[in-house]
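Structures for review follow.
Each of the next two complexes has subunit A plus one other chain: subunit B in the first, subunit C in the second.
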Partner chain A sequence: MGMLHNLADLIKVKKDKMTILVLGLNNSGKSTIVNHFKKSSEQVAIMVPTVGFLVEQFYTNNVSINAIDMSGATRYRNLWEHQFKNCQGIMYVIDSSDRMRFVVVKDELELVLQHPDVSNRTVPILFYGNKSDLEDSLSNVKIAAALGLEKIKEKPWHICSSNAISGEGLDEGVQWLVQQIRFAVLSNRYGAKITKHHK
Partner chain B sequence: MGSFRREKDEEEDGPTNAYQNLEKTSVLQETRTFNETPVNARKCIHILTKILYLINQGEVLVPREATDCFFAMTKLFQSKDVVLRRMVYLGIKELSSIAEDVIIVTSSLTKDMTGKEDLYRAAAIRALCSITDNTMLQAVERYMKQCIVDKNAAVSCAALVSSLRLAYTAGDVVKRWANEAQEALNSDNVMVQYHALGLLYHIRKSDRLAVSKLVNKLTRNAMKSPYAVCMLIRIACKLIEEEDIPAEELADSPLYTFIESCLRHKSEMVIYEAAHAIVNLKNTNPRMLSPAFSILQLFCGSPKATMRFAAVRTLNKVAMTHPAAVTTCNLDLEGLITDQNRSVATLAITTLLKTGAESSVERLMKQISTFVAEISDEFKVVVVQAICALCTKYPRKHTVLMNFLSGMLREEGGLEYKTSIVDTIITIIEENVDAKESGLSHLCEFIEDCEHVSLAVRILHLLGKEGPFAVTPSKYIRFIYNRVILESPVVRAAAVTAMAQFGASCPALLSNILVLLGRCQMDPDDEVRDRATYYLNILNTAKPELYKNYIIERENCSLALLEKALSEHLHGDLQTHFDISVVPKAAIVKPEINNDVMLVTSSAPRAPKITREEESAARLAQLPGIQVLGPIHRSTPPIQLTESETEYTVQCIKHIFGRHVVFQFDCVNTLSDQFLENVRVELTLPEGFTQCAVIPCLKLPYNELQTTFVIVEFPQEVCFSTATFGATLRFAVKDCDPNTGEPDSDEGYDDEYMLEDLEITVADQIQKTKKTNFQVAWDAADSEEWLQAEDTFVLSAVNNLQDAVNTIIKILGLGAANLSEKVPEGTHLHTLHCSGTFRGGVEVLVRAKLALSEGVTLNLTVRSTDQEVAELITAAIG
Partner chain C sequence: MAIAKEFNWLHVDSEDENPHLLSTLSSCLTLSDVQCDNYVRLLAVDISLDDYEAEPSAKLKVFRGLRLKQEYPLPGIPTAIESLYIDESEPKTPVIAVAIAESVLFYRHLKPYFKYTIPVLEADDLEAELWRKLPVMKRETHDDLLLLLKDVDHAKLSRKTQRLLQLSGEEREAFIETHKDSPVGRIGNIVTMCCLKRVSSDANPPSHLVLTTDTGHIYVLEPQGFNLVYEAKICSYETAVPSLISVHGTYETEFCIVVGTRNGGVYLLRKSSSEGQEILKLTTPLTGLLLLPVDQTIVVTTMEPNLSCYSKRGKQLYQVQLEAHPVCIIPLPLTHLGITLVAVALQGGAVKFYLQRYLVDEFEVPETVAAMLYGRMGMEDHVLTLITQSGQMIVKILRRVTCFDPINEIGASKTTLSSHQVVDASILDKPKKSSIFVEQAAREKVHAKASYSSFQVELWRLRHTAARATIDAINSSESTISGDLTHAPVKLSAEVCGAGPAFRLYLTVQNLSTFKMASNLLVLLHADRRHYTLQQSLARLPSVLPGIPLRVDFEVVAVLDAVDKLPPASLTPDNAQIRVMLLKIGQSKPLIAAVVAMPQSEAAF
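Here is the complex of A and B:
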C-alpha cells in the first residue's frame, strides 16, 4: 500500500497545482516572502503595500504553487474569506517584532479558523514568525504561546521563524506545507475509495 | 400590414442570435464556474461574454448581484489564458460603476500594467482607471506616469486617454502629469501625439495664457499626426473666437496664419478641418474666405463620397452667414443634385434653396419632391429648415412652399420631423399675412389625423389665437369641435379653450359657441368640464372687459414663482388681498445656441429650461433677510465688471425687487498663489439710495466661483431710480501654496481692486410683457386710473426706422406687440406698440410713432397707472 501511495504521489500530485493563501496583518512581509520564491528574473526590487490581492506563481519542491497574496490592511481583511473555499493551504505571516499587535493577529486568526470554509476541512496552516533578524523579535515558542496555537487540534500546523529579506527559514516552512498538502490530498482520495468499497 | 410582413421576414432570414434568450438570474448562477480550480478558460470566456451582452442590452444588475459577480471574476486572475484575462478586464470596466469594493483588484491590475505581457498592459490601464477613486490614485500615480511615456504606442495611448477620463474627477492629480504628456507629444506615433495634445489641452484649458503658449509653440514646429493638427486647428479657432480679433488684424495674427497654412497640408482631413474652421470664424472678410471656399468647392468634385458630404454639409451650414461666397460654389452644387448618395443630394439642394434666386425655387422644389420619400427624417428636417429660410426670403413664393409642406405633413414621419414642419408653417403664418388663411386650413387638416398630442394642442392654441380674425372664422369651429368629440382629454381641453376664444372675439358666433360649450359640460374628464364651465360663465356675463382679461389675454405668470408668492401669502397676514401683479411674468426662454466649432463639449446634461427669475429666486431664498423684500421682479443678464484676463474676475447680476435691488457679484480668483477671505463689494451710492445689507463671501479659493451680495433700497421718488454706482472689490489676501491651496500662514493683509461702474437703467426695472391684442389694452387704458405722458423727440443718431425701433426697445426693455418691432421695408412711417410691467407691478403701455425725415422723429405716448413711472419712461428716451 505504501508503494502505491508513493506511486500516486509521483504521478498525480506533481501534476496538480497547489493553491495557497497568504494571510497576515499589513506590513508583516507577505508580499516579500512570495517575492522571494519567485524566479530571480521576475523579482521586484521595491515592495509597495498590496491593494486587494495579487496572484503569483512559483515553483518549489517539485510543485507549482499558486499563491494568492492577500492585502493585510484593515479595510481589505474582509476579502480574505472570499478565497477560503478554493485554497489547499494557508500561509499565515506574523511580524515577530510587533508585540503591540499580537492581539489583533490572534483575533484575525480566530476569525479565519471559525469560518465554515476552513473549520470543516483539513487545511494545513504554516506560521512564519517573520523579521527574526530584528533585535526585539520573539522566538517561535513565545509566539505560539501568545497566539494560543496549542488549541488548534484538528488541523496540522507548524511554526518557523523566518527572514524574508535574506530568505532564511522560508524553504523549511514551505517544504512542510507542501508535504502536508500532498498528504491531505492523498488521504482524501483514500477516504473516498474506502467509502466506495463500503457501498 | 407592411410592418407585419417585415417582422416575419426578420424571423426567417439570417442566423439567429445565440445570446437572444438569456436570462439574468441563470447567467449569474453560471458565474459559480469561476470558482472551480483549475479555471476552465473556454467556459469562463463564454459566461463573461453573456454577462457583457446582458449589461449592454440594458439589463440592470443591482449592487449585490454585481458585487457577487465581481468577486467571482477576481478568481479568474489565477488563469494565464490571454483571452480570458482580457475578457476579465472588460468585465471589470462594466461592473466598476455598480459593484462595491472594486478597488481590490488594484494590485492585480497594477502588476499586469507594469508586467512584460504587452497584450495585457493597455487593457489593464483602462480597467485600472475605471476602478480607481481619488484616494487610490496617489498609489498608482507613479505607474501612470511611466506608462504615459512608454515606448509601446498602445500602452501610451491607453494611459493618455485614461488620464483624460480621470481628469474630470481628479483634475489636480492629473495636472501633475503634464510633463509626461509633454514628452508623449514628441512621439512618432500619430495616435499618441493626438491623445497627448488632448490631455495637455485639457490640463491647461482653464488658463488661457498657457493654452496660447502651447498653441504658439506647436504651430511653429509642424506635428506629424494629422489628428493632432486637426485638434490644434480647433483650439486655435477657439482662441481666436475668445479674443474676438477684428477682421483686419486677424489676417496677420499668427493663429490665423497657421490655420490658413493648413489649407495646403498634405492630409485631406487637415485641409477640410482648416477650411471648415475658416468659414465658421466670426470676423472674416471675403479675401480670407475665398481660399477656404475654393477648397470646399474642390472637395465637392471629389470622387470620395465622404469628402463630398463634408464639403456640402459645411456649405449648407454657412449658406445663411456667407451667402455670397456660397453662391460661387453653385455650379458644383448643381452637379451634386443628382448625386447617387441621397444625403449629399439633399444637402446640395437645400443649400441651393438657401442661396438661389427666386426663379429657381420651383425647379428645385420639384427636384426634391422626387426623392423626399426616400431620405431619413433627419435630412427631411434639413429640407424643412431650408424651406423656412426660403419663405422669409421670398414671401411671394408661399403658395408653392405651403403646398409642399402640407404634402410633407401628410406623409409618415416622426415627432421631430412633424414639429419642424408645423414650426415652419407657424413662422410663415406669423410673418406673412397673405399665407395665413391657407396655412391655417392646412393645419386644420393636419389635426384631423394627428397622432402627436403636443402638436395638436399647439395647433389648437394657434387656431384660437388667429382663427377669430380670419375672413370666415366659422369654418374653423367645425375642425375644433371635431377634436372635442374624437380626441384624448388633453386635446379636448385645448379645443374647449380655442372655442372660447372664438366666442370672446366674434360676437356673431357667440350663441353657437355657447351651445357647444354647454355640451362640453357633459365631458367625462374633469379638466375639460372645468374649462367649459369657466368659459361658459364668463361668456354668459356678456361683459367684454371680462372677456379681455380672462379669455383673450390670460396672465401667464411664472408658475414656480406664483406658487412661492402664494405660499408666502398664506403664511403672512391674511387681511390683505393677494396681488397677482407683483408676480413676474413668465418670460419666453430661448434655447441656447450651441457653438459646435469645438467638438470637445462637456457631456453634462443640459439643465431644464427655467427663466432667470426662477433660477435666482431659488438662489436668493437662502440669503438672510431676503423675505422682507417680497417676490422678485426681474433679474438682469450678467455684466462683466472686469476685463476677462485679470487677477480677479467679477460679474454682476442685478435682481430687482419691488422697492429694493440686490446686486449679486460672482467673483473668481485666478491667482493660484492667493487665498482670499471676507470678499465684499463696496458701492458708492448716489443720492436717494440707501444700503440695507452687505453679505460678504467668507472664502474665495483659487479658481472657484463664489458670490457676494449687496442689498440697496431704491429712493422714494421713482424719477431718481436710474443711477450709476462706483464699485470696489475689498478683501483680505493670504498667500498660499499653489498646489494644495492651503494658506501658508494665518496672517493676511487687506487689499482692494477697482471695478467698473454699475448702472441701473429704466430697462432693468421693467419686465417685458407680450400683449397679443395691443389695441384692446390700449383703448381700455383710456380711463380715469390711467395716466398719460407724451413727448416728441428727434433722434439724430439713427438714420433708419428699424434701428430706431431696436434702440427704443433696448432702452425701455419693453416687449413689442403684434410684430410691430419689424419695420416693413420702404416705409417712412411706423408705429411701435410695446408693453411691460414696472417694478411694484405698475403696468406700462407705450405707443411710439416714428417718422423718417432727416433723422427720425419720434412721438412717444406712455400710459401707465403711475404718473412718475410714465414720466421716467419718457425721460429715458431723451
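Here is the complex of A and C:
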C-alpha cells in the first residue's frame, strides 16, 4: 500500500489536501468516525470523550484529509466557530437514536449556518445519521424532516445513515463530500478566472 | 419578551401520537443513571388515584428520553423518591430510595435491595398503661378505660389505639385479643425525604438521606449500614408537621436543613443542634421552600400569592408579587453561568424564572404545571421536565447560548415594577433631607455667582498649594524616588528592625529604570549624636542593576543614660529620626533625602 501511495504521489504532482470540520453533539460518534478512516495501525481501541479538539489526518478517495475533530460537549461547543474559516467541508454527525436531543442538534446546526464564516461561502455539509444499528434509530428521511434540512438552499448537503463501529455507510458519505469540495474548488478557480478576464 | 422565551429553551416534541400521562409530584421525580451507562434516565412515580374502584396504587416508571422503558409496581404510595450513591466503589451504582409510609425502600439495579423502617417512638404512659390493663380487665370496664384517652391528642396515639377507638364494642374484644402482645408505640410517616452529600467531592458523591416524619422528627440515615447518624426535633414545644424540606452543605463538615411546616412555620436545623430553630412563621400556607446554595437565602412561595426571600435569621430580603398562585418551585443551578435561578410554576400554566428578585425569563404551557424537575437527563446537562396537572410531560432543554438578563423593557411587566416598589419601601429607609442641606441649597440658589466664584478660588488655592508642595519635594529631594531625570530613577525604602537600644536599619535601593544602570552611589546617614550612635554612617554602593533591589544594613544604637537606662530628655517622638541621603559621587545635591522615623527604644538591662 505504502509503495502504491508513493507511486500515486509521483504521478499526481499536486496532491489534493482538504480540511474538513467534524461537528456534532457529544456522544454522537465523531471521533469513532474519524478513527474508522485512519489506517488500521493508527486506530485506537477505546474511545474517550474528546476535550477541546483533535486534528487527525487520513487518506481516502485519493485525497489526504485533515479532519478537525471538535469536541461536542456543551462547554466546548463555542470552539466550533473558530474553525469555520479554515475548513472546506463540514461533517455533521447526529446520533439518530437520541430523539430527545434533535432540538439541540437543530439549534446548533442553525447557529453554524448563521455564522458569517459559513453563511457567506459554499461549504458542503455531510450529515451522518450515526448509530443506525440501534433499535430506536430514525431513518435518513425522518432525520432530515426533523432537522428541517430542506430549508438549506444555498449549500450542497447530503445525509446518509452510518454505523461508525462497523463502518457501514461512512465511505459513501465521504466520497460525496470529497466530490463536492472538488467542485467548490474548481468553481472558485473558474470564478476567479472570470473576474480576471473582466479586469 | 416573546424573543426571550423563544430563545432560552428548546422544546422537545414528544414523538408519540398519544402521549403517556403521568400523575405525580415534584418530590416523586428523580434523575438517575440506573443502568450505569452514562445515560441519565427519568424516574417517576405514577400515582393512580382516578380509578375509584381499585385501591390507589403507584408505579415506578423509567423513561429513556421521553420513552417509557420499564415500570415496576410499588407496595404503597410514596411520598418521595431519590437517587443516591451510597459508596465510592466503582462502577458507581445509584440506589433508588422510595419513601413509603414509615419505611424507605432501597432499589439497586431496580431490584429490591433493602427496607429501612424508622424507629418507633415511645408511647404515652397513659396509653401503655391502658394496654397493660385491657387484656386483663373485664369487658364492661373497657369503655371507661378508653375514655381516659380523651385528653390525649389523637395524633399522639399509636396506630393500634387509633384503630381500637374506631371499632365498635363487639369488634374491640377480638381486636384486643389479637393485638395485646404487639408493642405499643407510634411510628411516624415519612413526609419528606432528600439527599445530603457526605463530603463535597466531584460528581456523584456518596450521600446520606434526610427523612422527616409527621411526628416532627428529622433523621439523617446513613445508607451503607442503615444507621441513623443524626436525630433532631423540628420544634421543641409542639409537633410541627413538616411538608417541605431543603438541604445544603455536607454531612461531614456542616449542613443546614430548612423545613417548612404545614402551618406556615419555617425551621432551621444545623449539625450542631438537636432542635430546630424557628426562623419565621407565615400566616399563609407555604407552597414551596428552597434554600439557595449561593447566597444562603431561603426562598418561599406562599398562597398570598408571592415569592419572598428571607435570610437565615428570618429577615425578609425581598418579596415579589406573583400573578397567580404558585404551584411548585425548583432551583435551577446554572453552574456554567455561575447563577442559580428559581423556577416558579404558576396556576394557569405560566412558568417564571427569577434571578434573585428579577424576572429573567418566562414561558407558558397550555395548563398548570404540577411538578418540575431540572438536571442532567440523557446526554444533556440542562433539561427541565414539566408535568402538567393532566399528566402531560413537557421537556425543555436550555440552549447553549442563553442570557438571563432582567426583563426590563418598558411596560414589560407591571408586576416587576410594583414588586420593586414593595421591596424598596420595605428595605431602604432613607432619611429625609436635613434642614442644613435644604438651607444650603436655598443659599446656593440665591447667590449662585458668588458661591461658584468662591468655590473656584478655593479650588485654585488647593491646586497652588499642591503644586508648591510638589516643587518643594522635588527641590529638597525629600521623597523615596529620585526625581533627577538625567540619571536612572532610584527608589529607596527603609525598614527598622529590633526593639532597642540596638537597631538595625535596612535600606533597599531599587533601580526603577528598565535599561540604565545606577552607578557611583553613596548612602549617607545623619543622626543627632546625642540620641543615636552610628557605627558606620557612609556606605558606597555597588552599581544597582535594573530590577534587582540592593539591600544594605546599618547598625544604629540608641543612646541611653548610663544611670537610669532611659533615653535623654531631649529625645521626643518628633526628632527621633535619622536622615538618609542617597548621593551620587561628584554631585552636590542628593538624589534622595529621606527621613526614617525611629521607634522608641526599650531600656537595656
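Observations on the model:
FYI, the second predicted complex is superposed on the first by the 185 of 199 C-alpha atoms of A that agree within 3 Å, B and C clash if a C-alpha of one lies under 4 Å from a C-alpha of the other, contacts with A are read in each partner's own complex, and residues count from 1 in each chain.
As a convention for this text, a contact is a pair of C-beta atoms (placed from the backbone, for glycine too) under 8 Å apart; a residue touches a chain by one contact, two chains touch by 3 or more.
On a predicted model such as this, the values are computed, not experimentally measured, just so you know.
In the superposed pair of complexes, A:76 makes contact with subunit B only, with no contact to subunit C.
When the shared chain is aligned, subunit B comes close enough to touch A:86, but subunit C does not. Contacts of A:45 after superposition on the shared chain: neither subunit B nor subunit C is touched.
Legend: residue contacts after superposition of the two complexes on their common chain; A:108 is shown touching subunit C, with no touch to subunit B.
Common to the subunit B and subunit C contact sets on subunit A is no residue at all.
Taken together, the subunit A residues at the contact with subunit B in this complex read 17, 19, 48-55, 66, 68, 71, 76, 79, 82, 85-86. The residues of subunit A lying in touch with subunit C in their complex are 25-27, 74-75, 77-78, 95, 98-104, 107-108, 111, 136. On the subunit B side of its complex with subunit A, the touching residues are 35-38, 71, 74-75, 77-78, 101, 103-108, 110-111, 136, 139. Of all residues in subunit C, those touching subunit A in their complex are 10-13, 15, 38, 65-67, 336, 377-382, 395, 397, 399-401.
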